[in-house]
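There are two complexes below, and they share subunit A, which is joined by subunit B in the first and by subunit C in the second.
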Partner chain A sequence: MLLSDLLDAPVRAPSGDPLGYVVDVRLVLDGPLDGGLLVQPRVHGLIISPRTGSSFLGYERSDVRSPAVLARWLRWRHRGTFLVHWEHVATADADAVVLADGYRRWSPAFPEGAHRHV
Partner chain B sequence: MKRLLGVALGVLTAIGGFLDIGDLVTNAVVGSRFGLSLAWVVVVGVVGICLFAQMSGRVAAVSERATFEIIRERLGPRTAGANLVASFLINLLTLTAEVGGIALALQLASSVEPRLWIPVAALAVWLVIWRTKFSVLENVTGLLGLTLVVFAVALFLLGPDWSELADQALSPTVPGDEGPASYWYFAIALFGAAMTPYEVFFFSSGAREERWTVKDVAQSRVNVFVGFPFGGILSIAIAACAAVVFLPRSVEVSSLSQIVLPVALAGGKLALAVVIVGIVAATFGAALETGLSSGYTLAQFFGWSWGKYRRPAQAARFHLAMIIALLIAVLVLMTSVDPIRVTELSVVFSAVALPLTYLPILLVANDPEYMGRHVNGRATNALALVYLVIILAASLAAIPLLIATGGGS
Partner chain C sequence: MSPRVRRSALPHDPSATLPLGPRPAGRVLDARLHLLDRQTLDADEVPVATVDDLELVPPAGTSGPLVGDTPVHVAALLSGPVLATRVFGGRPPASRLHRILWRHVADVGTTVRLGVRGQDLDVLWVERWVRDHVIGRIPGGRHAPE
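Our next item is the complex of A and B:
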């Protein structure tokens, strides 16, 4: 399956209730070096927005509040967005992503201090 | 002293590089039909391009990524792909207009049919892209483009009624024989001509070519904030020349010979020779910039190696993309399509596509992950949001107005 199949896919709880749409797939690079040069990316989880499959444009990652009008509008449009870990995804295909029992809603923000490269 | 020279050179090339065929044609057409009643749009456009170029230059210098790399990173492949198609096609349209402009200017100088000049012009553009160092190409065309100052000189020599011109500019009204739809259509065209997207691709990719770092941000700010407003003044001078000569006679500008006629009337053969040099330099410079931009956008989106600092063999796809874009421009022009019409369309579609590049740059300029402490300040963001509204409004209104006015006629 292609990563782009997952984007926009509707997400359902184990009970079948609709939870929203996949707006992003979070990858992490923490594995061993693959062939000595590159790290294999690993799927960490899915970012799920309750109301829309459109992009959050990166505002889910941090608490950036500017430019104010855009940030506020995007946060409002994507209110309630959460991260689920990949191990709590029961089935995933382009038609629907179904979460497993006992899934947790994590904050979609990056942990403080991570990924800073400037 | 060397630093001062560097600043002066940067400012001068920014002035000379500001004008292209889009500015020349749109300002002259608008001047002949609306006088200076649309001069305010040039001011709005110049402030906009200052803001946008300053942001994208800062983003390129601090994050070390050029515009289309950022668009791809921020919008994801699908949205960015749609963005690429639109931006690339409009850039191609602008490239076509610029090559046509070179041919028309050479026709003025030589009376040789433009279709004979078109392949020569395109070949010359390609040779310069292929062989010449980035800094040389930028500085030579920018400095020669400064000869367009002759439009401002011509305006003084024509001895216009200054109070009449000031009145048109300061209390703008739609002239009696024009409808409000064409007034707003040309307002959008002028705005698109001042804020063409390729300037931003070229500016931010050029910053990468020249290996800008945080230290160069101040210099680029001076270039933009001093150079572009002077370019804007030249734009208004072109419109004013057309307003003085053509508006009272109700002659509508539709060819390059009409655009230069006020200069020839005011300054004779010598001034005409100077203005032709200026137009060749301005259109040639812009053809280089749009030609390079067609390579930059594609290569940055697809992750090909790009840049003039690499030898062509090391950036083969980048160079091939530019060759193909130039060939398409030549083929389009060889159908005898009027380059002036192509130009008029290209500035309007530039306005249509503007939000596609503006929004990602604005978002990234606010993202501390890319920018560290060089994120936009409050004042910049306030102005940037005002411009977001203007740019969106111009983009949405452009095509309906294009249809309603039948292309402004």
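Our next item is the complex of A and C:
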């Protein structure tokens, strides 16, 4: 499967209620080394927003505050964005992502410093 | 206007403050934010291609749609002619997407650095073909300008 199949796919709750769209896929470098220099990234979760466009700037996930007007507007536009862990995904294909019963919403913010080397 | 779900139709309160989840053990990257459209540089810092897509693979022996019970890993970066399909929809055939295996990635920063030389990768076969069959046949095309 390709990442582009998942991006912008509609997301539904187990009850069938629409939750939004996949705007990004969060990866964690904790997979096997596979003979390379970096360990393989594992899919950690999906970032889900009520709307699809413009989230590539990531303001709703970072603590970047400038330019102030743009940051405030984009953060407001993507309010309600959340992270759901991969274990709480029932099925995921290009048509739709369905979450599992008891799924939990987490803040989409980056853990502090986690996008740098640890 | 991009597709959206009306916030009033959501089964939860979209303005609720959500807790920060447990911090993962490894480095965290968001695929679209940190990888897509990034320039890849080879071991000699020569630009190779841009990251147009990622190949996600479930464990060997599983098939069908991805499910949350099984871990999914990134196996390769993909590069190909995606401009038209991004504008008009769809995606290029798999044969037009070239893979750069993740094991060749040395670091991810502003650019994606590879640990191999670009001329050993399939993704540059068009450049090599043009160099050998077109540029190389032009008088003076096989050496640097003097």
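Brief remarks follow.
Keep in mind that, in the parts below, the second predicted complex is superposed on the first by the 110 of 118 C-alpha atoms of A that agree within 3 Å, B and C clash if a C-alpha of one lies under 4 Å from a C-alpha of the other, contacts with A are read in each partner's own complex, and residues count from 1 in each chain.
Following the convention adopted for this analysis, a residue touches a chain if its C-beta (ideal position, glycine included) is under 8 Å from a C-beta of that chain, and two chains touch if they have at least 3 such contacts.
What you are looking at is a predicted structure, and each value in this text was computed from that prediction instead of being measured.
In this overlay on subunit A, subunit B clashes with subunit C.
Of the two partner chains placed by the overlay, only subunit B lies in contact with A:67; subunit C stays clear of it.
Of the two partner chains placed by superposition, only subunit C is touched by A:34; subunit B is not. Subunit A is touched at more residues by one of its partners, and among subunit B and subunit C that partner is C.
Of the two partner chains placed by superposition, only subunit C is touched by A:44; subunit B is not. Look at A:17: by the touch rule set out above, it reaches subunit C but stays clear of subunit B. In the superposition on chain A, contact is made by A:93 with subunit C only, not with subunit B. When both complexes are overlaid on chain A, the residue A:7 reaches subunit B and subunit C alike. Where the contact sets of subunit A with subunit B and with subunit C meet, they give residues 4, 7, 55, 58, 61, 115-118. Interface residues of subunit A, counted against subunit C in their complex, comprise 1-4, 6-8, 10, 13, 15, 17-21, 23-32, 34-45, 47, 50-56, 58, 61, 79-80, 82-83, 85-93, 100, 105-111, 114-118. Interface residues of subunit C, counted against subunit A in their complex, comprise 1-7, 9-12, 14-15, 17-21, 23-36, 53-58, 65-69, 71-75, 78, 91, 101-108, 115. Taken in their complex, subunit A has these residues touching subunit B: 4, 7, 55, 57-58, 61-62, 64, 66-71, 115-118.
Put simply, subunit B touches subunit A in their complex at residues 62-63, 74-79, 362-363, 366-372, 375-376, 378, 381, 384-385, 388.
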